[in-house]
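Heads up, the next two complexes both have chain A, just with different partners, chain B and then chain C.
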Partner chain A sequence: MFAFIIRRILQAVVVMLVISLVVFAIQKEFGDPVRDLVGERVTPEERQQIADKMGLNDPFFFQYARFVKNAVTKGDLGRSFLYNKPNLEVIINHAPATIELVLGTALIIMVLSLPLGVYCALKPRSWLSRFTMSFSTLGVSMPVFLTAILLIYLFAVHWRILPSYGRGETVDLFGNGIWMTGLLTIDGLKHLILPCISLSTLMLPLFIRLIRSEMMEVLETEYIKYAWAKGLSPRRVWLVHAFKNTLLPVITVFGVQIGIMFAFTLLTELVFQWPGMGFMFLEAVNRADLSLLIAYLVVVAALFVVVNTVVDILYGFINPTVRIAGTK
Partner chain B sequence: MSHLLEVRDLEVKFALRSGDITAIDGASFTLDPGERMGLVGESGAGKSVTGFAIINLISKPGFISRGSIHFEGNEISAYSPARMRRIRGNRISMIFQDPMMTLNPVYTIGFQMIETLQAHRNISKAQARAIALDKLQKVYIPSPEKRLSQYPHELSGGMRQRIIIAISLLADPAIIIADEPTTALDVTIQAEIMDLLQELCENEKMGLILITHDLGVVSQVTEKIAVMYAGKIIEYGPTETVVHHPVHPYTIGLIGSIPGTIEPGKDLKQIPGMMPTLTNIPPGCAFNPRCELAAEICTQKTPVLEEKQNGIMAACHMK
Partner chain C sequence: MKKLLLIVLGIFMVVSFAASAGAKTFKMGLDADPVSLDPQVQLSGGMLQLSHWVFDPLVRWTQDMDFEPRLATSWERLDDLTMRFHLRKGVKFHSGNTFTAKDVKWSFDRMRKSVDFKGLLEPFDGCYIVDDYTVDIKTKKAYPLVLNMATYFFAMDSEFYTGTDENGQPKDAILKIGESFALNNASGTGPFIVTNRQHNVVLEMKRFADYWDTNSPGNVTEFILSPIKENATRVAALLSGGVDWISPVPPQDFARIQSDDEVKLVNINGGRIITFQMNPNRVEAFKDVRVRQAIVHAVNNEGIVKQIMKGTATVAAQQGPKGYLGYKETLTPRYDLAKAKALMKEAGYENGFEITMMAPNNRYVNDAKIAEATAQMLGRIGIKVNLKTMPKAQYWNEFDARAADMMMIGWHSDTEDSGNFSEFLMMCPNAETGYGQYNSGYCNPRVDELTIAAQSETDVEKRTAMLQEIEQILYDDAAFVPFHWQNHSYGVKKNVRAQPVINAQNFPYIGDLVIE
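Right, the complex of A and B next:
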């Protein structure tokens, strides 16, 4: 198991290196760090001097190594001219909002898709299953911004029970000004509800369908028939024997999708004026802050890789077959 | 005199979109305590469905449409699901064909053994574990302690089938139904598993319904035989007699022209033609297109299973 974890982490490091190389190459090609630093009003000679000083004329891989070294040891991902702060700081300021949005959404998806998916597999003909399946078709085909606007209209404008934009009241989680959380105040939680629901409509139907079809497949296997032949109760056959085998493939997909979701918060953040990384990204695009965009890509990729690695390791703990393969 | 198990006039249908098809058509047989019966026939004849029908576990569109299954003094075919569960894995155990697919891949052997016992007895985990160890020893599993914490994929096919046999023994059942228990195994291991099954049934006085292709094994292990063809039992009698003096032309074809040459490992002989599928069974005797003795009556009237000679029952107009 230990070897498996180490190997999985090494894989993650390699993936990050490849991503950072691509991103660095893009920045090298299109970016202009001198302008980011001093603006347009310098003579070409001065530019040349500054570029030399910044090491911009060094060999490519030399620069790349310095980029990686600075990123890893100093957390230095360049500077944003838009905010006039280090990129990483800008991103860290915006990350908690997005992370809490994704966590809330993941929670909604898990809590709803597991029981519904399992139920739809066990009782495919019941009215609740039929309703769930047709509703999930609707959910898949409805664009996020439409869902969001509909939710805002109903809950914020019509019934006036939930706020429609912003994060509401936040408190400092660690007392060091880095993580402002909305999870600890009633107002903050209220603000979280609509954005999370709207973001979850994208993937909730997908997971209900995935869990349903995986479960149905498992129910047809010989080992489930054998579980019946041993005289086990339906509860035990379904919730112990079938459920765990259903969960295994679902966990992997879940990891990937949660990772992807970090990049999909854009629209939701825009509609709900949610001050997260997606919102920041749109601003950076608007003002052509390439340096910040690049840093954002690196961070989102890192989040994606971390989530995937954690989920894979988790999967290794649950699936005995993987554990054995890992120790070999 | 009542039997341990008496299946009478069993009919099983599958509800397909095109209408119901009859997979088992009026099968009757009995099993006494400790008796071993072979159920033979070509693939698709209805052997597995018959086995599963006894514990009321026929795959989905299938259902028992007629007949009675009497076991230990009760009519169990009409049991509620909850009562039926107390028979499955407890009074009647089943061994499946492919040991590679039978055990749940994500739980340990110990887990899968202990849960079986706890489903049927009110005992602690430790007590269940002790019984599981005892049964693993009975099936000659080396280092049984270690097996309990292993996962199925860590064991070979032969080892897994031994474990499945041990699971079937857990609750000391009255009958074991073994559905081609060696078909999926290496030839070298097949004989070992068969010997083990026979030994256990003899020692523990358990009834056995052995579903198989292997006539040699049937003649070695069982005391009586039921031969199935297209959903019907067409010959039924003591193994010794059926193997050496078969009555039904189909059985004669299976065994070959020289009786007494049957050895273990020898498969049923090929008879020209194919067994009909359930949707196009010919009128009269289902075997008539392949039968050398077929006469006019064979295409008009379905023969019934009746006593012929030497205590053999057969369904044939010409015998």
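Right, the complex of A and C next:
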């Protein structure tokens, strides 16, 4: 286990170094961040002076070395031009919004996909199964952007039962200003509903289909036939014997998809003006805030590696026959 | 029992209604929120809007382009170089300090140190205190735009910003990057006090109880500004009742807002001109006035205003809009395809030629669509256009490098004066003086001469003649391709009386806003 974790950390470091190097190398293509900081009247010379002060005119390897040095020695990922705060602080301030959005979505997916998927596998010919399957095709093929706008127009503009943008009322979870949560206020929860639904439309059909096909496959296996032959109750065969084994691949996919979901929050957050990391990322791209971009990508790379590692470890616990590489 | 419940409910409703009658919360959704709380660190529309809410200028623009006294109650010209301002008495800052002449001088001096503003303040010699409620503002040469500039002189609380913050840095440091007290704290004399600010999420303000302007009809007690970037979301926020006011309104949603029972659309003419410049240093043909005329004649800018802008712009044929000194009634739009073709033939380009064109895609209203339409229109006179559009973060560096044969630029005159357009867009580019900073290469010495002369001409009649002559020359020379002046559009709830507080500068005076 120890060797496995060490290897994963090393992988993560390499990934982060490569990503930051790539962004540094192409940073000129993003545009000029100084333009966004000054009015149109400011002369080119004065803009150059500001760029000099910000260190943007240094040779690219020099800038890169400085970034790595600060990151390694001080844990300092630089300063955002747009927010005028340390990048890490900006990212941490935006993380709770995204995490809550993803949590809410994951909850919707779990609560709906498990029973629906299992039901569709057990009763493939019932009208509910047919409806679920055809509806899920629709969900997969509709872009999140469109779903979100449709939801806003129906629930916010037409029926006026849910708010259309932002996080609503938030409260400070730990009393230190880091985690502003919308989960503890009615208003905050109301604001969470539409973004979560629109984000879940992407993954929910996938999981229903995945669970359904896995379950159907498991139901055909020898040991299930054996269980039937033993005369076990259908309840026991389905829920204990079949369902548990269905879950294994589902959990792996879930782990990966949660990571991917963080990436997909981009569009949802944009449409709902959700002040999370995806929104922050888009702002950084639009305003050429390269410093924040690099820091964000490095943090995301780290996060991905952590999530995948945790999933791999969990997998090992659930299925003892799978041994993690590196352990004896 | 039921009756009792009804009575209790009734009483509760009356009480809560009475409590809310005095308090009016106003929610505004804009495409972006102000970048900081320091009115002097960045010269941008968003910062100036905020300045009008939290601070007060010496004078401000009225809807009909006149000056309205704010912190200055009256003013008089002492000589060619000096303007004397008499200041309002009994004005308090948010901090409780009393406003006096020293605050005006302090703010003026600080503004001169700001990279963004020092260009605007170039013509000024200084601000001199006469007594506690009188200042003299002197210019280096005779300068006709002192009052126009006084709309920028917002008074900051000099005592509040004096001293050092916890990092040992002066509180009034003007910083683009880094922490500074002034970036995050504000004390002005304006109608609203900032109570909470989360950049890119929300800006909350409440009405300043000791606001000096007791004649203001404004009844907004709480003012919440949310940036809503996405056009569709911003419109939905208004239609769903989430906000009371949105701006800008995307042209494609005008009909939707106009047809709604609870919201309305309010428009006012603005002063931002949208143009394409032709670079004669890159394309030999652009040196020929006939070719330039052909291009201007080929562009159907009236059609663009109707189709792409949905009528929310005023068709232009010159730089400054109506109401500016240089505006000349006789200069009218010139779309005429047959004439354009004839001009091309006359210039020997009947077979056309190929050019490159660049435009931003997130800077001006429908900028990329306008560029596409233009490219297509030029195709009709045989000019093949290779168009590239890009986000503004990338566009301005391309513009600086004059990277295409035709480039789009919009301009709003900082001084609300015609001369400013020529200084930046049409004077011969000169790195030393900074004139023509956004000119693609058109150069006419007469335009330079007139523009410079107009800068120090205080006789309005003579000045008007000069500025009009400039417009005429540029028209005859087809120096640029004019499109339109963008209107400012606001979508507001029906109970919000927006009309009286808006202006051509797009600085809605929310302090005076009445909500019914």
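We take it that the second predicted complex is superposed on the first by the 248 of 328 C-alpha atoms of A that agree within 3 Å, B and C clash if a C-alpha of one lies under 4 Å from a C-alpha of the other, contacts with A are read in each partner's own complex, and residues count from 1 in each chain.
As a working rule, a contact is a pair of C-beta atoms (placed from the backbone, for glycine too) under 8 Å apart; a residue touches a chain by one contact, two chains touch by 3 or more.
Please read these numbers as outputs of a predicted model, since none were measured by experiment.
Student: Could you tell me if A:G175 is touching chain B, chain C, both of them or neither one (first, second, both, neither)?
Tutor: The answer is neither, since A:G175 touches no partner chain.
Student: Taking the superposition on A as described, I'd like to know which of chain B and chain C A:R287 touches: first, second, both or neither.
Tutor: second
Student: Go through the superposed model and pick first if A:T43 touches only chain B, second if only chain C, both, or neither.
Tutor: second
Student: For chain A, which side has the bigger count of touched residues, chain B or chain C?
Tutor: Here the partner covering more residues of chain A is C.
Student: Go through the superposed model and pick first if A:L232 touches only chain B, second if only chain C, both, or neither.
Tutor: A:L232: touches chain B, not chain C.
Student: Touching A:L248, do we find chain B (first), chain C (second), both, or neither?
Tutor: In the superposition, A:L248 contacts chain B only.
Student: Using the touch definition from the top, say if A:P59 reaches chain B (first), chain C (second), both or neither.
Tutor: Neither partner.
Student: Could you look at A:Y83 and tell me whether it touches chain B, chain C, both or neither (first, second, both, neither)?
Tutor: The answer is second: A:Y83 touches chain C but not chain B.
Student: Spell out the part of chain A that touches chain B in their complex, as residue ranges.
Tutor: Going through chain A, the ones touching chain B are 221-223, 225-234, 236, 240-241, 244-245, 248, 318-321, 324.
Student: Sort out for me which residues of chain A touch chain C in the complex.
Tutor: Listed in rising order, the residues of chain A that touch chain C are 29-33, 35-44, 46, 50, 53-54, 79, 81, 83-84, 149, 152-153, 156-157, 160, 163-167, 270-273, 275, 279-280, 283, 286-288.
Student: Mind pulling up the chain C residues that touch chain A in the complex?
Tutor: 29, 36, 42-44, 115-116, 119-120, 176-179, 183, 198-202, 226-230, 232-234, 236-237, 239-242, 362, 391-397, 400, 414, 424, 431, 434, 437-438
Student: Name, in rising order, each residue of chain B that touches chain A in their complex.
Tutor: 55, 57, 59, 81, 85-90, 93-94, 96, 98, 101-108, 115-116, 119-120, 151, 153-154, 167
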